């Protein structure tokens, strides 16, 4: 099988994959990304560059990818359906592939109401599933969505997200299957705090045989503070944070050890993920704390990253 | 039906600055049923504007009336004299009615007295909810009778998104997630197979995105033909 | 325009009027400023009538109906409350005082309570700036 990216090669060869994430800055200065890139280099197989996450205007994912590649690191470009129609999405895929991007994560996108341009017109011409199938056909059949032939096909390792904690609960494994049928080759999940719930979901996923067809990477976020944990529990739609986590963070706060406990919990999550059948990697979203990724990967005994 | 919301009286009063003879026209159909622009609301607006007039001394003189369906020329023509003798016409009909008057009497200043909002149903007395976007290609037979275009905030065809929490939409926690409802409905009907297939993107050219739409019903046109059966332009 | 305070009270002919009669039997009379307009039910009152009352010279408009949980016509005084609130919104929107209009609910035997509420309303309206309407409303 041909591998188009390092991330694909690592997971296809049966090794546990690691992806990090960099949130681009809210300005045109590339230094923020360059600085983070240098701190993170070597700690993951590829790094997600978010696409105007929560509808806040940031340096674009593809722009960030160029900066990252100059540092010798592999990007995962994220593309949402909120800001672009099928013309722009297909065009951006051709552009990304042309400049050397080899991993793309297809998302529907957070609604514009969450961001800092609330009056914007949300596009949503496509959704994550139809985006996956569009991109897959561009790559494998060299055809754009309308059926017209492309001059040259993009080369891309296609990914998507899935949220085992969103409703309808019974449907989440089916939806994953739908994304795999549409072309998803790797999946990054929403951050996991309720590992029991996640394990139950994985059991269902295995029953349907999906785990053999796609590389599932469990998502984790290290809590920086009790307030952060509470925010994720109460204010983020579709996240499940058990009370036990809140209790641990609260006790840690009383001892002045919030950060240490947050990191400890995250390492525990990663260790558990390594043991779940069908989980082929971990996706570390160290929001506002990206510099901790090397520490987390080391503590979870996932260093050094394989060079294949 | 078409749902509209009354504009604030102060906003309408500002539109009427410098005018003298003001005609307020309501409509007896959608906006009357929705309590936004029928006879009662016309009376309320005129009374309120009279108060503003008394307070600020604009010298407005009011005429008020209501027609059956303001969007049809036949119903507007009978009030032609009132329109012609007015300096300003405030229409409490939806955008269709207001524009009908404006198009029939282009020299007249026609002001909208309501904001036309959406196509919606009454959930209970006084509560109207949007359920149709007039997208031009109804697919609700695949979604258990629930429109994913109007009722999903992202108009997804392959929902639900990851932000669906406890059956509610991430955009407004009081709104039910349309795809959660579709899943439950299809489960009830034994048609969950419809949820597993990858659905193609919507053809937006059939919606307003493709430009202003027009329906021409050949079977309804009044079009004379000549002896050979060819239609003749009048 | 006389400078005497003018309050117009739309009073339902059921519990509200009973309360007023009960008060008068007990020797309590209506405040001098209050003019009563008897109506079958406050639910029958529409918003233009309240606006016209103000335009016609009233400094304040009271809508007096049955207690909501005991309305003679079921939901009349509840509907009236909604309309009174609508008038308050309109008054605020056109830079007039929303306190000029008030909904008062009365039990048929509580004459004294009603009179007290009316007097309170009257003094609230009296404390507002004098309404100067330039043009009389036809």
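Letters A, B and C mark the chains in the order given here, with residues in each chain numbered from 1 onward.
In the analysis below, a residue touches a chain if its C-beta (ideal position, glycine included) is under 8 Å from a C-beta of that chain, and two chains touch if they have at least 3 such contacts.
Just so it is clear, the structure is predicted and the values come from calculations on it, not from any experiment.
Ranked by separation of Cα centres from chain C, the top chain is A.
Every chain gets a centre from its CA atoms, and the centre nearest the mean of all protein CA atoms is that of B.
Centroids built from CA atoms put chain B at 41 Å from chain A. A separation of 63 Å divides the Cα centre of chain A from that of chain C.
Centre-to-centre separation of chain B and chain C, using mean CA positions: 36 Å. Taken in their complex, chain B has these residues touching chain A: 153-168, 170-171, 173, 177, 179-180, 183-184, 195-202, 204.
Taken in their complex, chain C has these residues touching chain B: 46-48, 51-52, 54-55, 90, 93-96, 132-137. Chain A contributes residues 81-82, 86, 108-111, 113-114, 122, 124-130, 133-134, 145, 161-163, 166-168, 170-171, 174-175, 177-178, 181-182, 190, 237-238 to its touches with chain B in the complex.
Those residues of chain B lying in contact with chain C across their complex are 8-10, 13, 40, 43-44, 46-48, 50-57, 59.
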